[in-house]
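Look at the two complexes coming up: chain A is in both, with chain B in one and chain C in the other.
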Partner chain A sequence: MVESKLILHRRKGYFWSTESKLAYLFLLPATVFLLAFMIYPIINVIIMSLYKTNKIGKLVEFTGSTNFSDLFQQKDFWVVMLRSVYWTGLAVAVKTLFGLILALLLNVEYKGRKVARTLIIIPWASSVPVSALLWRWVYHPEFGLLTHSLRVTGIWKNPPVWLGQPVSAFFSVIWVDIWIGIPFMTLVFLAGMQAVSKDLYEAAVVDGANTFQKFIYITLPGIRDVLLIATLLSTLWTFNDFNTIYLMTRGGPAGSTHILITYIYEHTFAWWKWNYGAAMAVITFIILSIIALIYAKVYFRREM
Partner chain B sequence: MKSRASIILLACVLTVFLCIPMILSAGGAKEVAKVTFFWAEYDGLTDAFRQELQDAFNDSQEAIEVDIVPVDWDLMHDKITTAVAGGAPPELCVIGTRWLLEFMEIDAVEEVTQYVSKETIDNISPGAMEAKLGGKLMGLPVAAGARIMAYNADITTKVPKTMEELRELAIRVHNPPKVYGLIMPGKKHTECTDFAYYLYAAGGDFFETRPDGSFGKSTINSPAGIKALEFMVQLATKDKVIQEGYLGLDRMDSHPLFYVGKYAYVFIGAWVESAYKSAGGEFDLRYAQIPPFAGQKQTSLIITDSIAIFKDAKNKEAAGKFLDFFYKDEWKARFDEMIGFPPVTISAGKLPQFQTPLYQVLIEAAQNAKGWPLMTEWAEVSDIIWDANVEAFLGRKTPKQTLDDAAAKIDKLRGM
Partner chain C sequence: MKRQKRMKPVLIFWTVIIILFLLFPFFIMVATMLKSGKEVYTIPPYWIPKKIALSNFITIWTQYPFARYFLNSFIIAAGTTILTTLLCIPAAYAVSRFRFYGKRLLLYMYLVVQMFSPIIVVITLFKIIARMQLLDTYVGLILVNTVFTLAFSTWMLNGYFKTIPVDIEEAALIDGCTRSQTIIKIMLPIAAPGLVTVIIYSFIASWNEFMFALTLVQSVGKTPLTLGLYNFVGRYTTQWEFLTAAHHREGAGSRHRGRCGKGLILTLS
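Right, the complex of A and B next:
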């Protein structure tokens, strides 16, 4: 009994030792920042989603799950939800694929590789609004580079109004999101590939492995962790990609490019329906948290 | 002991470091009342004028500093909403007068007469006081203008008397890519102005009006509404006399095309002349009324904008002083001239620069014009109507189907 008390005391002493106090001091700013700018807003939004709100988001009356049930009864909500999933899945898949291909190309020794590596980062380094506005001009139905080039070269005499028709608008906007996101994937994959030991490739050559086999059995397993983290981050960012859509189509035409995040914005800031905006934000938070947890489980299982 | 001293020293350094910005700002701060003004970027209005006005006022004052923040019109509603909801509204903001009800519902705006001098208020034309609600002036009129038709007289000198005639004339002159008949935006922007032109021209309205003046059910799917949208769809998809790629072009993208000189007609606001000059237009620009459909009375859309003073702002008295400064002819008349709207002040209205053919047409258009329905749900209603228009343009629904659906949606939204 006395011994256990002593151990507890020692632990307590260790816990509050001078060294750990210093650590807590260092952690304090970050903790305060997280509480103020992350935890508080999240809790606030969760509470708001359970209330009826007025036009500036002040809580008026507790309504429980009414906001959620109202949303679930709306066809438009489900259409937007499905589109968000499709948008995210397609964009992340294409970004991953292009990222892998480009990383493989940039991992090969050749003259001008450094220049290529620098150039590849431009879309990522440019701000998203600038990129979105640039592409809006590219897609312009009268003066746009794309439409004009297609017409002049005779490839397509009557190209669609890229941002004016539902299907073309969706793919035009998703392409911009992909274009912006590819450099990140490329650079992360490239870093992962450079960490794979060259000895493995040399041994594989001795064993008679071809290029494809080296990629499947050495490169891919070697960058597995990087791949997981990069696709997780890309999934979170893509699901929440507000800027590209808002700046290019504002969710139009006729709501055909809305995803959850732009739909939330429209409900909250254009129509002042804060309670529904909050309910959708909570749904988004749950979806993204589940995705992150699954990823974490897969990642840490391997670590252990 | 040494560690403890290190911790204390570190904490002190950290505290001082964090306090530096506060110390610096406190040391450099003057006793000035800062007035923030969300300034709408009207067509024709230059940034140089905004800067000049800001500098002139700030130079004339020691205790007040105004910060005029330019904001894109299409983003203004979102911007001011966010600011109000965040508890940090500006002192002043240019708003669509139709938004006032929303702000009044949440008690966010103040009566401007409390802060603006009587002299300034007395100089405002009574007809421009749309923001006088319940006997209180809740916004200072900044721009008020009916919509008109502008045409390129180098392409055609014919002025249509009816919409049907307009269609015939547009078809006759339409010869792309040299000449196009008409401009009609097909991409959603702030308000559903284009549908309103045709709806009012067909004798329709957005809502039934009850005897007490309140709004009843939506009437956009009335025969007039359907006629209006069918006509728009016909111009766009069957006659194809409007600009190419109209579905991808909103108002801000479409109107500049007119100044190039290839388009015969456009329904537009008072800013047309100044924007035409800014764009270097070189054709014979003329004005006429937006024609009604055959058998209907000419009815245009009139839009007024106001400057609101926000209740939670810090320096409302100072904001009032700025408005008194801005509403002097030296500045306000220049502002009116740039944006092209007829002056809202009596003194500016007498100035020679406002006695032109454009202003005559605008004054005539205003006589029988109708405004937007003043209701708190208008932002969402407008979006629903826009989406319904686009559905019809895309051929996903007939004009009747899409307007029936939209009307049902609007009524549901308003609890009817």
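Right, the complex of A and C next:
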């Protein structure tokens, strides 16, 4: 470790040495900020989830775990929970698959590869709110060019009203989430693949390996860490994807595209049921903490 | 090797197909933003505009408050960037250079905090901001945005600081620099790429922020572009030709994302 050099001579009793006082001083502003606007609100949300609240979010009466047991008895809650799970699972799986395929394609050397790589980034470079609204227009049933093009070319003679029916709305929205996520996956996988030594492939060719074997025995193990981290990050982001859903359908039609995140928001800021919003936020907090801890473990295992 | 050569055109073909497929919405965007209102709303729709209408770009600036939105977005993003940078430099320096009790815990906290969804805190953060009387103000949004850019920025800058040899700093200290002087005169210039990444990251993140704007902003005077576009879809009878034109403008603002992505990958690998 590089940093140890400077302070080596005061190793003993370093806690109150000037060095560490200075460290705390330097860390003070950022940490206070995070405590005030991140940790304190989280504690508040946990408290709120144990109370009954009125319409403006004032705590009225301590009710213990009533909010949670109320939620657990609602069928809608479980439907939304389940949907969050397969929303995340499906989207991450498709993103990873697409990312892998594209990264493999872009890992081959040819002229114009740089152009291809730049073009790939575009869906990611335009912001999520913008993309979501753009797709809403693409999906437009009468004036949208998607429906029209599918009809004219005969690929799909009678496409659904994309965002108008529960099933098609779910798949239309999840596709947008996937579409936004593909570039990140591709770039990260590509970076990982380029770090794999070329000698390994040459040795494999000498040993008579085919393309598939090279992928399974060299590429995949080579990008294992990158794959793991990217998938974990993507899981978090997908689970947290508020913008795509809210901007495209706002959970509709008939609540068919709500996931936990949008459900919390609607509960709190549309229906003013703060206590249920808070209770679900606590549940989300627990789920995210678990994923984040796994991530931190993986990360620190490599880093330290 | 020979077989690989034969495969190449096939691979390129598929790459092109996938890219065209992924860029499909942008073709629609370009087609729409060049059409006039009449042409956009014809059934059946068609791809090539009959007459190219560049007036959309003028209309969104003159008849709708997009100039205002643009300015608001800029103020909020710039404020967030400045605050984030000011807070993350000393923190990243401390984490990368000092050894102290609770360092590991702190690193964990910074890593875990950036994983949290804003939704967990938005409920109570709304109440806190309301109590501070900062609803519908730039300051409120800047504070809230900074919370979510700070952890990642500190983490990233820490990575850059770590790569700078301590010897350089020691030399400066011996020559009579103070700690803060070494940071400003030595560390920051060397870690300039990292600093630029932090600046671009926090600017773009807050430029693209939507949920907090939706929650904390009420008046047109404080509405950033993302929320403005969203309201535009709902409030006026949606005029998609203007919307796609406005998208185009906003897109111009976030072209640097590619760079930020590089930084992200850098911290990942």
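We adopt the following convention: the second predicted complex is superposed on the first by the 279 of 304 C-alpha atoms of A that agree within 3 Å, B and C clash if a C-alpha of one lies under 4 Å from a C-alpha of the other, contacts with A are read in each partner's own complex, and residues count from 1 in each chain.
The definition used in the following text is that a residue touches a chain if its C-beta (ideal position, glycine included) is under 8 Å from a C-beta of that chain, and two chains touch if they have at least 3 such contacts.
Only a predicted model underlies this, so the values are computations on that prediction, with no experimental measurement involved.
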Chain B versus chain C as contact partner of A:Gly57, first or second or both or neither: both
Touched partner set for A:Ile121, first chain B, second chain C, both or neither: second
Chain B versus chain C as contact partner of A:Gly164, first or second or both or neither: first
Touch count on chain A, higher of chain B and chain C: C
First (chain B), second (chain C), both or neither touched by A:Trp272: first
First, second, both or neither for A:Gly252, with chain B first and chain C second: first
Partner chain(s) touched by A:Leu82 [first = chain B, second = chain C, both, neither]: neither
First (chain B), second (chain C), both or neither touched by A:Ala203: neither
Chain B versus chain C as contact partner of A:Pro41, first or second or both or neither: second
Partner chain in contact with A:Val226 - chain B first, chain C second, else both or neither: second
Doubly contacted chain A residues - partners chain C and chain B: 19, 22, 25, 57, 140, 142, 269, 274
Residue ranges of chain C touching chain A (in the complex, touch as defined): 1, 8, 11-12, 14-16, 18-19, 22-26, 28-29, 31-32, 40-47, 86-88, 90-91, 93-101, 106, 108-113, 115-128, 143-144, 146-147, 150-151, 154, 162, 165-167, 169-170, 179, 204, 207-208, 210-211, 214-215, 226, 229-230, 233, 240, 243-244, 247, 250-251, 254-255, 257-258, 261, 265, 268-269
Complex interface listing, chain A residues touching chain B: 18-19, 21-22, 25, 54-57, 139-142, 147, 161-166, 250, 252-255, 266, 269-272, 274
Complex interface listing, chain B residues touching chain A: 3-4, 6-7, 10-11, 14, 77-78, 81-82, 84-85, 102, 105-106, 108, 186-188, 243-249, 253, 257, 376, 379-380, 383, 387, 390-391, 394, 396
List of chain A residues in touch with chain C within their complex: 2-7, 14-15, 19-20, 22-27, 29-31, 33-34, 37-38, 40-42, 44-45, 48, 57, 101-102, 105-106, 108, 110, 116, 118-131, 133-138, 140, 142-146, 148-149, 152, 179, 182-184, 187-188, 191-192, 195, 205, 226, 229-230, 236, 239-240, 242-243, 246-247, 261, 264-265, 268-269, 274, 277-278, 281, 284-285, 288-289, 291-293, 295-296, 299
